[in-house]
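Heads up, the next two complexes both have chain A, just with different partners, chain B and then chain C.
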Partner chain A sequence: MSPPPKHPILLVDDEPEMLFSLQGLLRREFELHTAESAAAALEVLQQHVIHVLLTDQRMPGMTGIQLLRQVKAEYPATVRIVFTGYADIKAVIDGVNHVGLYRYLTKPWDPDELIQVLHEAANWYEERAARQQLLADLRDHVQAGELLAQGGPAPVAYADYVQTGRHLLQRLDRALATRSEA
Partner chain B sequence: MPVVEEQAAAMKLLIVDDSMVTRRLLQSCLQKWQYEVEEAEDGAQAWQRFQQGDFPLVLTDWLMPEMDGLELIRRIREADRPGYVYIILLTAKSEKENLIAAMDAGADDFLAKPFDAGELRVRVREGERIIGLERKLAEQNRQLRETQAALVQSEKLASLGQLAAGMAHEINNPVAYVTNNLSVLRREVQSALELLRTCRRAVAGLPNLDPELAAEITQGEQACDLAWLEENLPRLFAASLDGLGRVRKIVHNLRDFARLDEAQLDELDLNAALQSTLEVLGHEIAVKRLAVQVSCGRLPPLVCQPAKIHQVFHNLLLNAIQASALDGRIELRTMPGQDCVLVEVQDHGCGIAPEHMPRLFEPFFTTKAVGHGAGLGLATCYGIVRDHGGAIEVSSQAGRGSTFRVRLPLRPRPPELAARPSSGENPTP
Partner chain C sequence: MTAKEPVLLTVLVETAPLRWYVAGISLAGEPLPLLKSAAGNLSPYIGAPLDDQVGFLRHRLSGVLQRGCDRLWGRQKKPCQVVFVADGPFVQAPPELTSRVAGHFVEWMNNPPVVFFTTAAGFAATPSPVLHLVAGDLDAAFRDPLGAGLAALCGLLDQDVWELSPSKPQAGG
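For the complex of A and B:
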């Protein structure tokens, strides 16, 4: 059996050594993409699905928070983390109020903790993706129910319809039980 | 009558006259008005007395044997003594030229002989007034110089703070990735070593198959002393990470000094905080068998950044402990003040050398041996107390001990305007 696919993560920092160092730490457990500027990060996002984005705050040109504002608008599913050496109160406030930050991490970091946080972020991405899927499935189910009720040619047999309904309920139950706050 | 030096009223006068009758008359008048009087028979004797005592006011005759009044005045004026000496010349001469010569020599006032008691009283009182003013001026001057020194000091610390902030920023990034790289290396080298161990199992049968390669491997193992590597690599990594941890701590303390991190405000029971700080330092206190006397005043709750205030007293107490000898004594006092609380930490240890006092709060200033303290403790205290709008001062005697006094306002306020040298130029709204 092949190992589960690695989560794609995008690292953004204007310092190449920082990116190289993080690659060394994370390469075994994640599929890594790197960018040395916000602009380069946006290019990567156009070409790859990214589950977690970890960006430095202070970069020439666009700051980390500015980048994440755009990412939130264009790629809302990507989990957003700021990773900075500066305790910059304004950046934190912007991050909380406008960017929907998952975490605000400070450098220097503890290697094990960073890996842990990234796993949690990836899980959060999966949970939300699963919820989106559940919502889509529920919509399909309701639509199928409407078709059945009209008595016309239905996509499913009634017995299957009921069975699917039960499954959906169980999934909803689980999703509500594991719901964690972003 | 015993003379109390501190009493300002007992001003000492020196009266100089070769006539005993004049001296007696002067003395009886002046003593009646509560002056302390000494007398001399001529200029030479007066000069001797003057050098031995402290006379802010001198009443002297002009014409005397040995040394006349004018010569005495010249000597007094040339003498390098602290404080001004007010000199009244007693004389029968009243010609204009005489008066000019006397003033040239340095006399302040004249009293005509034979003197009138009332005139004597007002002239001496005038002298007393001038001396009082002069002393007040000298005192104000001294205070001004001290204030200026304090301003220069706070300005210096402010620019050091900016330097520290810049350094903390610059050092942080490389420290972050070097630390990370070391962790990665430790992990990867471990993997590589495990792989190597697996490979070496294959080497056992190698001499038969490929003796040359086997020899090369043995030689290589000896050259890099593989056994040593396997044994000591973990220690190399651990020591390096530990060293980097220390660098991180220094950077962190620098950030505290330069107030880069803003902490939450909260109410703090200062007495309880000191108690817990003492508990934290219990081991250090016990090792030196120190007696810590705590006297807590009733304090209102203090609004502050509790963690930072804890740190201030931790640093001050640690310094006191380190300054103390075995079986020493440390006193800890808290008391309420006007809209503030006061804390004193007093030790009876080695004290601070006078030449170290001006640099005490500078970052990286330390008298400890290299490796025994980075010199950030007091700098951090200064920064934190300043950011709360308080003040920290120290008095110390080398060999006798030191007392640190911290004043904290009940609510933090911006650092006092007086601490900013440029504030005088800014119009206050």
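For the complex of A and C:
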């Protein structure tokens, strides 16, 4: 059995040594992409699907929070985490109020805890993706029901339609249970 | 997740060459040199307004701690106490800069806790540096390991046992 695919994670820090250090910690568990600036990070996002973005706050040109504002607008599914070396309360408020931060981490972090947080963030990405897929499937199902009700050319047999509905209910049940546990 | 050996994560700051060293000290007082910067790594604070000096040094030294933690993690060790030792107050700066930076770390970090010392006579290995407390507390159980480990580290500062950490001093962070 092949191992599960690694979640793609983007690390952004203007200090190459910090990226090197993070790569040493994380490369075994995640598919890593790195960028030394916010602009470079946006280029990576254009080329790859990124599940979790972890960025330093204090960078020349564009801060981490400024980068994440743009990421939220253009890549809303990407889970957003910022880290910083000190308490910048304005950045914290911006992050909470406008960027939808998943976590605000402070240096130094415990590497074991960082790995745990990134796994949780990646799982959160997957759960949200699954819910989005469920929503899309429910929409398709409702549309198929409307066509059946109109009596026109049916896209599915009625028995299949009912069976699909039952499966969707089961998925919805699981999704709601996962959400309440979270 | 395996249990990791607790160590004192120790940062030595040389205020004249504006360079830092980060190391571990075991609870038996054994030194574990990790990384050092090039001279001038801390220089961007010079000439800046006091608040910016504090901000820069907070950020730069937090990164040093982070890299130290990461290197310890790879060796199955984990900091139980952070110890800063500067060989004097930060140069070409208002006198309160050192206490502001020290106070920040002590207030900002509590797990592991931080203590910040200065020495009056640099980092001579013999006799072991006399430490002056700037901020924070040191558990009594850590005093002897710190004394022994610090003396050993001072004897290693000019030896080829440190990984040189590249940096971009002009980037400010």
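By our rule, the second predicted complex is superposed on the first by the 179 of 182 C-alpha atoms of A that agree within 3 Å, B and C clash if a C-alpha of one lies under 4 Å from a C-alpha of the other, contacts with A are read in each partner's own complex, and residues count from 1 in each chain.
The definition used in the following text is that a contact is a pair of C-beta atoms (placed from the backbone, for glycine too) under 8 Å apart; a residue touches a chain by one contact, two chains touch by 3 or more.
Nothing here was measured: the structure is a model prediction, and the numbers come from that model.
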Following the overlay on chain A, give me a clash-or-fit verdict for chain B and chain C.
clash
Partner touching more residues of chain A, chain B vs chain C, is chain C
Quick one: classify A:89 as touching chain B (first), chain C (second), both or neither.
first
Thinking of the overlay built on chain A, is A:111 touched by chain B (first), by chain C (second), by both, or by neither?
both
Based on the superposed arrangement, let me know which partner A:18 touches: chain B (first), chain C (second), both, or neither?
both
Under the stated touch criterion, which partner chain does A:59 make contact with: chain B (first), chain C (second), both, or neither?
second
Starting from the residues of chain A touching chain B, keep only those that also touch chain C in the other complex, and list them.
15, 17-18, 21-22, 24-25, 85-87, 107-109, 111
Considering only the defined contacts, which chain A positions touch chain B in the complex?
15, 17-18, 20-22, 24-25, 85-87, 89, 107-109, 111
Listed in rising order, the residues of chain B that touch chain A in the complex are 169, 172-181, 183-184, 188, 248, 255, 260-262
Chain A-touching residues of chain C, taken from the complex the two chains share
1, 55, 58-63, 65-71, 73-74, 78, 104, 108-109, 165-168, 171-173
Residue positions on chain A within touch of chain C in the complex are 14-18, 21-22, 24-25, 56, 58-60, 84-87, 106-112
